[in-house]
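These are the structures, in structure tokens.
Same chain, two partners: chain A is paired with chain B first, then with chain C.
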Partner chain A sequence: MTKPATDTNAARADLLEKVTGRAVYASDISVPGMAHGRILRSAVPHARIARLDDAAASALDGVVSVLTGEDLPTLAHDRWGLFLNDRPVIAGEKVRYVGEPLALVVAETPEIAEAALDLIDVDYEHLPFVDDATAALAPDAPLLHERHESIADFYFKGQAKPVDGTNIFQNYGVSTGDVDAAERDAAHVFEQTYTFPGISHFAIEPHSVVAAFDGGRLTVWSGAQSPTAVQKVLSRVFGLALSDIRIIVPFVGGGFGGKASVKIEPLVVAAARKAGRPVRVALTLEESMLTCRRLGASITLRTSLDRDGKILAKRGTILLDGGAYADTGPAVAVKAAHCVIGPYDIANLEIEAKAVYTNTVPGAAFRSIGGPQAVWATESQMDEIAEAMSIDPVDLRHRNLLPRGGEILDSLRALDADIGEMLGQAGQAIASLGGGSAAGIAVAATDPGILPLGGSLVRVLADGSITVMSNSVDIGQGVRAVLRAVVAKTLNQDVGSIRVADPDTATAPFDWGTGASRSTVIMGLAVEDAAQDASDQILELAASIFDGAPNDLRLVPGGVARGEDVLSFEDLYHRAFGIDSGEVVGRAMVTPARKGSDFAKSPLFWETAVGTCDVELDEMTGELAVTRYVGVADIGHAINPAGAEGQEEGASVQGIGHALYEQLDYREGQPVNATPVAYRVPAAADVPQHAHTVLIENGDGPGPMGAKGMGEGGILPVAPAIGNALARRYGVRIRDLPMTPERIWRALRERDHDAS
Partner chain B sequence: MLPRPFTYHRPTSLDEAVTLMARHVDDVSPYAGGTELLLAMKMHFADYEHLVDLKRISELRAVKRNGGTLSIGALATHAAIAADAAIQGSLPALAGLCGSIANARVRAAGTIGGNLCFAEPRADPPVLLAALDAQLCLISARGERHVAASQFITGALETVRAPDEILLRIDIPLTARSTRYERVVHGHRTVAGAAAVIAQDAHAAPRVWLGCVATHPVALPNAEAHVAANPGVLDNALTQAIASDIARLDIADDEDASADYRRHLATTVAIRAITATVEQEERA
Partner chain C sequence: MSSIHEITLMLNGDPVEAAVAAHTLLVDFLRDSHALRGVKRSCDMQVCGACTVLVDGRPVSSCTMLAVDADGASVVTIEGLGGPDGLDPVQEAFLEHGALQCGFCTPGFILATKALLATNPSPSREEIVHHLSGNICRCTGYQKIIEAVESLAR
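Presenting the complex of A and B:
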């Protein structure tokens, strides 16, 4: 009875709920009186709205109301944003991308709402548009936003630096040492440009929101990754107190960042407010593809080395395609600038990252923001340098890697992993899969932008069952299982007795959001502290009953023990409170000043990854297959080992999609493949036949049990590892993602032409 | 999006289905697996007042072998064809192709007849069925008629099926000695597919068909003539014969492939299909 059941796989109660169809998602929510909304979207990339006539739609039987730009003046604030106040709740004077919401029809049924969309007449006054980031920088480029309103410390620390009179909404630089002098001294200087396209999140559950007003109080059910960010933005837009806004998040069918910060919630709430009815809007997957995407990038690197292959200096010019609204793009630019340095010892750096508006789907956070773009460039170039200097690519990395404790930038925390050791482990692991040594390798280190601010309540109920209240969202990554495991260990209780409630801002404390690989560390510590607080209270209660010191007592599954004497929670509460009911509430708020933690310097931990692979190419058709893949991550401690491996492997497979097929394609301002029919993400058959994950666990992370955050890093090295394998095995170098069969075929023809 | 409103009919007999098709001839579509039709209706690419669901008519699913002919009911699903012992034994190339189309959900619901009648330019089965010289049996209130698979599809999403006709079955003569279908698939779609069929009768002409490249499957006459004149020979002249056939085709750049790359892939799959039949001959 004193040994609790701590099987961490059993902690994933959600899996059975999901495979049996019982798990509730936002689109399953139904509230009395609920009406249904459908969205009319812009058909053109950039235009003034000369006329929008919704009279016929409003008159259709069953239509409740139609929200349009004319309703903007009724809002406390008609625009919102996280870094820049740039996004109208619904298009007002103009539209800035194909797919931008123009009108939202609320009707008794989704069918009526959709039929009404056909009855809305829109006259566009077309404006010149720009669907390419380089073109958006031109002096005569059409401006998407006439002025910029940057907001500081709103939900992200710091602020974006837009440039007036241009499409630039973020301009971030890193400068150390003297790059000019280092380039003069260098034996070799290499300059290459690499490109990375906009990529769809493609979560299987599209964005869904139900919004219901009850007098002046608002309840919103949303598949949101950042419930408290949604709460804050809604409070601003609708002039409501935070305490009058309740955000509830049921299970989420995949997020990847596409449901982070705020997405369609202000729009749906505005429609519910106008309709005077609860409103449900469940987007289709096509519509979600028009809601957000990863930022595309063009990255030029100029890297200088001495004759021994030691990097002396690096210049990086990063241009990010941020789409029509900034969203979290400014943070993406900062991360890309840091990540493009690589985990290398480079004394002289000039890195510049710009993010620009274009008339395309808004860019947004996506698994390891800015990272895959930067690592694609950096690690592809490392291999190009190695080849040109006739140095083994692994050796070139060893010559330049920072040791554990080395500093990528003075302003950032020292590196907390041994990437050289990870390289060794990767090499051994892939060789053990058979087929000889790996063909391609890439390494990465990224600094997750974690704000250490999040709280939780751990409620120990009279029957010994425990409720954990937290705003960390289970987006499929299994955070609830991790929290259950942490509480089970701290309170020495069976994992089966612990339930993690749905995130709900009315009942759970503030948490900054589910992203940046932060929940295991920040919410893990919050529930650990809250559980410890509950434990302290329980032992104190028990001490008075046992008439002893709390130190003589210990928690056992279901109660408290002194020596062989066990008192159940029920008996304890009965004797302490006079009835056999009641509860003990442990509470905790993790803040930058948390005792025992060193949160002064960013990042709280480095997310590190090594990827290595082999490939097979059909040289006639250009079709490339990844035959073996090994990922290595230093995650400190795996609280749920199967879950951690799943996260790493999921990231690898998503990275294969980025590497080989995915690209949100635009022609003349129109998205040409933003449908599930035309767009391809990896399926089960695309997973390499031989895949393996190595988790390094030294218990040296800042989270519970020495855990670091994880789940994003695995995506970083995939594309360059594949590109490097292709170059090494077949002699063709691709610098533009995705590495489609046609691109590879053209490169093969060029190779053969050059050879003849 | 939602499909526009339509009237759904679910006949339980062929007679009833034929009557419904005749009655609503102005705006009707037969509905089989729905894997393409319903998607097109949801995207508003297709729009019908009436759908006649054929799934309750079990005789349309039958697979039979009558002497030298294999008859496959139009409502046989790709999965059923892939798993059918008679087809595996007599036409492994067709069973294999149907077992690898799209994904498991499409194979479980999608039918061979629906695939033919929808005439999606990137569909594989029409290419192989044309090369096998399959005959299609159609029925309407006016009676039955037969059309060669090679004549059935006339363009992208276009066939000779009259609006009130239902495809009943596909009759395939089992006269081939070796048959091969080769294709290149990018993502969800085939970007080039070629079928080569060598007849048991040494005097019968070999058939080489190409599909998923232009708007509909086409024969490669120069390639056929070269194979007929030089059986078993895989040489540069064969490649040139194929390339000369493909040069005559109208191939445009599209989202899956540029025209020059697609011509290269078309040549590649045709060579691979012919090469495989030669290897089958050598093994035999």
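Presenting the complex of A and C:
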């Protein structure tokens, strides 16, 4: 397939660095005098630390220092969090999950640090543990945290609602209409429970941080998706001014949410502070698997319909397994509660989402937080209902879908996509791939939790090259290419003249973070506004020189023109400033009050998705393969079409992993497969032979050129579409992910047993 | 302490002599002693393929090979492909097909592809998929990687 030249060019500069191996990632950073840290991790799920003896480790030749819980009192704040102040910088009195950092050895080489770990003696006083969310709700369940300290509007708007004396750290409800009455009137009531496991992000670059103090000032290089969140948390923990903390983010080797908010940065900074040296900690992939994961979920839905298949009411009970520390789990619960409704017209709703602590790896944001869990339940149940009522599954959806402009909840912005039309396009596309007669289908709409707060600088330099400064992080989604394309269009400059600098909190303005499909819209608008500001300034300068009005002038590649006369930027600056140097700085900060934008209601846009697929089952082994897959997304406008398509393809294959193999598995509080060897993610052979992405572009998004955010929605419909295809073609319904060969094989045996 | 060994090898076409500790891994030797940071470190257990380099033309996980075992061999990293005049055709194909996102796995995929095409200039889709099964990409969904390699098949 050929790509439009400009889009390829916008992406090309970054991709060129990556294909040549020149791209610098956080794990490639090295600074003079740097020492190396390795982490001793808890071997047990829940225990008091009775004794931790690091004397022998500290005495080892080449060891610089050992950070332990004893160092916590030296910190301005020894705990941190974004919703709940629940996480110690390093384990203090107790450990709450297998893998929790207990000690961090800093040494001259990683090998010495590793060797020193073996010399640390830990005596655990074991505590009862709970590694299952349902068990964590029991009245006599062991408590992970004795008290809850919820913090409001710290980095997320609003606050979590923990329940004292329990493991519940978030409790969120949606209630509209009268569900009881609707259930009494209903012709059919369906109740099913669906489960979704904890899932590892498995970004190929593990978490990696270098921290260096220079006097009282701190510089941190991290593969972080939210540099300003890291800056804020470090400022609290270490009692430093924000301006004394510089977070630099080079290229990031995959994020998917696993590098969002704050992860190992406070730990590494504490180690650097104690060591009095710059410290590098580069986790292995296995350690990253012990750092964060997607929240597992158990979702019970009770859906009532009239005899024509119109949904009258829905009750949803969502229980999320948040692991040992809340991280962004409270936001995951809110999103799951919204997403479980589906893009349907339902007048009566009672949805309750709880997130609980368990003695497992902390839950965290992961591509469309809470969405895949919710859509797995909702869209599987839609097909179960369709089958029970003998209605075609697509038809059942059409009977209930909201039209464009309909409201899923009246507190949320009206739906900005036509999902019925997307269903039609999905059907056509899979037919054109030669299939679809027994396809599974699923639809989804999610409200990305986007805070419209982010700024940028666009600097037009004297030689006509342009530097864009922004704290939006390139985690592989290609945000730099998008920003470059937006600036090129706004300033009418060649895309090749525009460079996007590495995110750096010392030089780029605040940006809330890279996640929730927000960068194309928020940072896109910020660079568009900044470029427009630069353009206004340049035309004003030029007007004084041409002795005319700014609106007689226009920007052309490399300079300004009036009629046929062209003045290069260099000549313009020379005549305006007296030397042939200088620059024009455009600046912009997108805020909730941005002129010309309607940011009053959330979400800024809906992320919508339809997925449809064909499957092949080996009935002897239970092995399921997706043979055709079509994803449809309404993205408003594709600023970088190849990149947008790549996001959708990547999301769908990640979704296949979630559907068929992935599960972080616990036995007796121990993670049994949290290693790259035991944990299977999709490989090239798992990709559907025939796949197609349909991007709907009506130019109706809030971002530059009418773009909406995208990149997360594609994962939403995958698992239920596969489950629905399996049920439709082979007559077995799986309600617990992943759909492993064993589960399918057992279901096949049951089917055949029931039939005989 | 482990013993030090003198090794000689061809590294990206240039002869190299070095003294390495017996336990030094090839990935560390390449990244730390020769600043070849395009060799990426991830799983450390020969699962992900990010650290793939070519040793005498064969794709090898440098995280589980000792540097001493490269004695007498020819080692090629991503930095050894292409040259001042341009990109290697495999790099060009990955670029043209948008066969990468975060790029962390990309050097490994490109080198694995070089090795495939050296022994099989016209691989089928099945052969491509099979050959690339030792490399994990969490971003792209592989589609565009497979398309890029297919475009090189003669």
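Please note the rule applied: the second predicted complex is superposed on the first by the 743 of 756 C-alpha atoms of A that agree within 3 Å, B and C clash if a C-alpha of one lies under 4 Å from a C-alpha of the other, contacts with A are read in each partner's own complex, and residues count from 1 in each chain.
FYI, contacts are C-beta pairs under 8 Å (C-beta built on N, C-alpha and C of every residue); 3 or more make two chains touch, one makes a residue touch a chain.
Owing to the predicted nature of the structure, the values given are computational and were not obtained by experimental measurement.
Contacts of A:Tyr661 after superposition on the shared chain: chain B is touched, whereas chain C is not.
Residue contacts after overlaying the shared chain place A:Val677 against chain B and chain C alike.
In the superposition on chain A, A:Gln231 contacts neither chain B nor chain C.
More residues of chain A are touched by C (comparison of chain B with chain C).
In the superposed pair of complexes, A:Thr68 makes contact with neither chain B nor chain C.
Of the two partner chains, chain C is the only one touched by A:Tyr25; chain B is not. Looking at the shared chain after the overlay, A:Thr612 reaches neither chain B nor chain C. When the two structures are aligned on the shared chain, A:Thr284 is found in touch with chain B and with chain C. Applying the stated contact rule after C-alpha superposition, one finds that A:Trp745 touches chain B and leaves chain C untouched.
Counting contacts as defined above, chain A residues 111, 284, 286, 675, 677, 683 meet chain B in one complex and chain C in the other. Put simply, chain A touches chain C in their complex at residues 1, 3, 8, 11-12, 14-25, 27-28, 111, 201-206, 251-256, 282, 284-286, 475-478, 642-643, 645-647, 649-654, 675-677, 681-685, 687, 689, 691. Contacts from chain C toward chain A in the complex involve residues 23, 36-45, 47-48, 50, 77-79, 81-82, 87, 91, 94-96, 98, 100-107, 110, 125, 128-130, 132-133, 135-147. Chain A contributes residues 110-111, 114, 284, 286, 620-621, 623, 661, 665, 672-673, 675, 677-678, 680, 683, 740-742, 745-746 to its touches with chain B in the complex.
In the complex of the two chains, the chain B residues touching chain A come out as 1-2, 5, 39, 43, 103, 184, 186-188, 255, 257-258, 261, 264-265, 268.
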